[in-house]
Amino acid sequence: MFIANSPDYQEILRTIYDEVRPLLSQGKVASYIPQLSKVSPQQFGMAIFCLDGRQFSIGSAGVKFSLQSVTKLFALALAFSREGDAIWTRVGREPSGNPFNSLVQLEYERGKPRNPFINAGALVINDILSSRFVQSDIAILQFARLLADQPDIDFDVTVAQSERETAHRNYAIAHLMKDFGNLHNPVKTVIDSYCRQCSITMTCAELAKAGSFLAQHGTIPWSGQQILDASSAKRLNALMLTCGTYDAAGDFAYRVGLPAKSGVGGGILALVPGELAVAVWSPGLDPTGNSLAGTYALERFTTLTARSIF
Amino acid sequence: MFIANSPDYQEILRTIYDEVRPLLSQGKVASYIPQLSKVSPQQFGMAIFCLDGRQFSIGSAGVKFSLQSVTKLFALALAFSREGDAIWTRVGREPSGNPFNSLVQLEYERGKPRNPFINAGALVINDILSSRFVQSDIAILQFARLLADQPDIDFDVTVAQSERETAHRNYAIAHLMKDFGNLHNPVKTVIDSYCRQCSITMTCAELAKAGSFLAQHGTIPWSGQQILDASSAKRLNALMLTCGTYDAAGDFAYRVGLPAKSGVGGGILALVPGELAVAVWSPGLDPTGNSLAGTYALERFTTLTARSIF
Amino acid sequence: MFIANSPDYQEILRTIYDEVRPLLSQGKVASYIPQLSKVSPQQFGMAIFCLDGRQFSIGSAGVKFSLQSVTKLFALALAFSREGDAIWTRVGREPSGNPFNSLVQLEYERGKPRNPFINAGALVINDILSSRFVQSDIAILQFARLLADQPDIDFDVTVAQSERETAHRNYAIAHLMKDFGNLHNPVKTVIDSYCRQCSITMTCAELAKAGSFLAQHGTIPWSGQQILDASSAKRLNALMLTCGTYDAAGDFAYRVGLPAKSGVGGGILALVPGELAVAVWSPGLDPTGNSLAGTYALERFTTLTARSIF
Amino acid sequence: MFIANSPDYQEILRTIYDEVRPLLSQGKVASYIPQLSKVSPQQFGMAIFCLDGRQFSIGSAGVKFSLQSVTKLFALALAFSREGDAIWTRVGREPSGNPFNSLVQLEYERGKPRNPFINAGALVINDILSSRFVQSDIAILQFARLLADQPDIDFDVTVAQSERETAHRNYAIAHLMKDFGNLHNPVKTVIDSYCRQCSITMTCAELAKAGSFLAQHGTIPWSGQQILDASSAKRLNALMLTCGTYDAAGDFAYRVGLPAKSGVGGGILALVPGELAVAVWSPGLDPTGNSLAGTYALERFTTLTARSIF
């Protein structure tokens, strides 16, 4: 792929790094998972993985962090690659207009989650994988290792344990879906697997690399292995744009204009289709649960590079 | 702008036209506005306006139809061009997760509509224009004439009258916002103007032309007149993608993958940023209020042209 | 009717009067109707009308105040006496579990209000009366005069006017019901009549007398005129208990244990079936919209007299 | 206590028995607990326990049935007798306006159930008892034995087991409250105890006797043992009237006019304060979850005896 006027990404990363510093103290580290609340909000890392193989990074781009909801994207891609459109009989693809862990809509819509990126939807995806694999958490982990080309990617068992102990709301969601017949495996099986899935850690550099197949129309750039066909990859990108950043997807699309998936660990993966994947991490969150400095960094990234899908 | 491999758009339109025929009887014409319910669902038109000036069309692309909610896009562009980001203090930019005319969220969120494309948000935009112009409906009409380069575009007063007589829910929405202090002009003034705004008629060819400035980064292609700066134009595109097709925005993005704005008259305007605007019209609606054949036509369009923002 | 051990009501009123004084400054006068907000919260009056003809009163029991929602009871009794059980096809009889002027439930339940004592339900009752009488407000006024045996009871036109000017939420409710087909007369007709209905003023002494027919199984004690049959009167009492005090009906029943109807003017009418009607007035409201001192006075009344329906 | 004109209760029961026969096939046996769905809907029993010691019964009044939600009344009385008004910091006393097992309101009101008779509230009451007693289910059972003066009252372990296996919604409710900090014991402990509590079986004759202390102002009629003081007993009666029959409390009060508590096993306990307790059982339910024939029988009972609290 020929990039006409590729910007000087390293210079752009330096500019962004300078600009975000004052913001690092403004976000609030996720407090509902005790283990996550111990992370210092002062950290910031950013990495770019270009489809032509070039890589750029700055700050703490080599520090591992908890992917949390970013893993929902990998789990979805895995389920979608195996089950295809059949998954949409069990989970919708509309923005929710509600916080990511609300039960209200789930009850009104009789146990069918609005999309795979709210917790209810991610639990259904995990349930689908639990029906197909002996251990869905291991399957997701191996898939993540494949995507990042990095065999030592792993769970953080302390975080997984911490999450499991405070997973009351996820248990509530799972039991409600079970009541509506939309969870086929035992609740405990799904919750345990989901907590381990969320605990996967990566660095920004690994995350950008792991997401690059979605920028490359479903094909892993360095190996040519097709994970999804081009049409399916586009469709996941569309889902990321409309639903990938909790109840701030509209605002995020307005400001950043790229498909993205965020996590309460402070990571965000964003895509410039046909060109690159970019990952950012900063643990301080804004009130919608997205990384405050990370969102700003991506907003600046699209402005400085003039990259936007719109 | 140089388009490397521009597809044969006329051939593609012909293919689509053949494919949609069996669908024309499946949609349901909007019934809540008596005047609209008289339109035959068997009609279909589609038109492409390329930024390089080429135009293509098929079927009833020269027949006038009622724009309805598509006018929300023009009203928003006009308000945004005059008031800038100040409008976001009065209306949000998140998908609603509810039908376009629901009052539930509006009450929970204390009179601030979720986005400018649900009825509540469109009424606020009309209210903003009513504070700035002597007659907001005339201002929107003149803006539409400018965008379409067509001075004889006009209201359909019969439709406007029909809509006004059945506008009870819009009155309910407006009064609720008035109660919360988020409507500055008299309710009747805003409703009357809004009903006239919705009644504007265009052909597919005119609509594609009128929307082309949003594909051209805010600038009218043939005149070079800047309506919005590039950043603002991108942001409106992002809003169209996340909120432009009622409570089916996620599904529409998934299937079509283009920023779009639909109306219950059966029209849809979609954009391929940097390349073209495409308008489709077929009055039969699917259960979400979007043109059934029109949505399918656009889905085929992105597949056949390999044009998608993702 | 023989009352075995009738308490010394005058002494009890004196005791209550002493006890409520410290509470008079704690309530908050209704602010959403400008005219009502001018009333001093320091006032308190209470009156008892025994079915055997004895009357007792204390404090400002002879001062006129704005009945507001208390008139919903008279309007309902009038409609029920004329239309019988047919009214229940258009309004329910369940507690709402929501504030008295919420639109959420009304939208979910497709325009059928939960009960006749929330605003939506009272508007439907007024609509029913508007279909039967030339002027429903005059019909309600004349009915109130008959019940209170007091021909000079009247509207407070200044309050009615003030209420009409700030009736945006009631307009929203009425238009929503109109949209669902559950309002037969023009919205403006019903709102105007409703605002006049709410503005009727009475003294506590008049209100206790006016409510006494409901304690006397539907028959006016002094004239023997039957307004409702015994079964219907009991049923209105039941409705008062479950729905008569806004979203605090459960708490009110728990504390006071009598059927009652309150208004944001600070008045409350309560009944000891077979024995007496008691009216209390103090304009300072608690957060649920009921008179703070008035509710406490009635709680003390049932304790001191050992009168409760339970 | 002297009853001036005590009706011929046996004759009245006979009349009711004849009248309800055609209704027995119209109700629907609760299906969500497999074990309950096996009960024949053709059964009907009714029993009266007068405070003066007289007892009357008809039909299957001696057949044991599953009390289900009727046990919420006994659990509440036990908790209230031990903890007093402190329980109201953890559960409200307002009608819910929603189905008995909805999660919507619970989420909006941050984990504090509306009242002790919806499932969420009953789980909180069970949790309170679980903090006070080694085994809350045994404590409730022993309390029920004391109230019914019948030591062989027991759990139906098959029903308890069946309920536990299908308790997904109750698990969802309990976990949501746990998430909000309003459940102090482990979820499994509370659910297990609650399922056993609900499985207690009684005959109509036993149930009427067990409820008689609430008609007798908190004191067991035959032993004089005070369970609650008079004021507390009245307050529980008030709660039964406003919240005791699920989301049909308003309709039930309107039609029957007595404080009552129903269960999906088809039982209803109702009280004529100062006079008697009456229990009815028929397994066929109406759409609100109350016994169809049972509600009708109580409506006829209050009409034929002219007993109503209003």
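Every chain is named by a letter (A, B, C and D) in the order it is written, and numbering of its residues begins at 1.
Assume a contact is a pair of C-beta atoms (placed from the backbone, for glycine too) under 8 Å apart; a residue touches a chain by one contact, two chains touch by 3 or more.
Computed from a prediction, not measured in an experiment: that's the story for all the values here.
Colleague: Please give the intersection of the contact partners of subunit A with those of subunit D.
Modeller: none
Colleague: Specify the chain most distant from subunit C by Cα centroid.
Modeller: If we average the C-alpha coordinates per chain, A ends up farthest from subunit C.
Colleague: Between subunit B and subunit D, what's the gap in Å when you average each chain's C-alpha atoms?
Modeller: About 56 Å, centre to centre.
Colleague: How big is the gap, in whole Å, between where the Cα atoms of subunit C centre and where those of subunit D centre?
Modeller: Roughly 31 Å, centre to centre.
Colleague: For subunit C, which residues are shared contacts with two or more other chains?
Modeller: none
Colleague: With chains as vertices and touches as edges, which is it: line, ring, star, complete or other?
Modeller: The chain contacts form a single closed ring, each chain touching exactly two others.
Colleague: Looking at the whole structure, which two-chain pairs count as touching?
Modeller: By the stated definition, chains touch in these pairs: A-B, A-D, B-C, C-D.
Colleague: Sort out for me which residues of subunit A touch subunit D in the complex.
Modeller: Subunit A reaches subunit D through residues 102-104, 107-108, 168-169, 171-176, 178-179, 187.
Colleague: Help me check something: in the complex, which residues belonging to subunit C touch subunit D?
Modeller: Contact set of subunit C toward subunit D: 92-98, 105, 114-115, 231, 233-235, 237-239, 241-243, 247-251, 253-255, 257, 259, 273, 303, 308-310.
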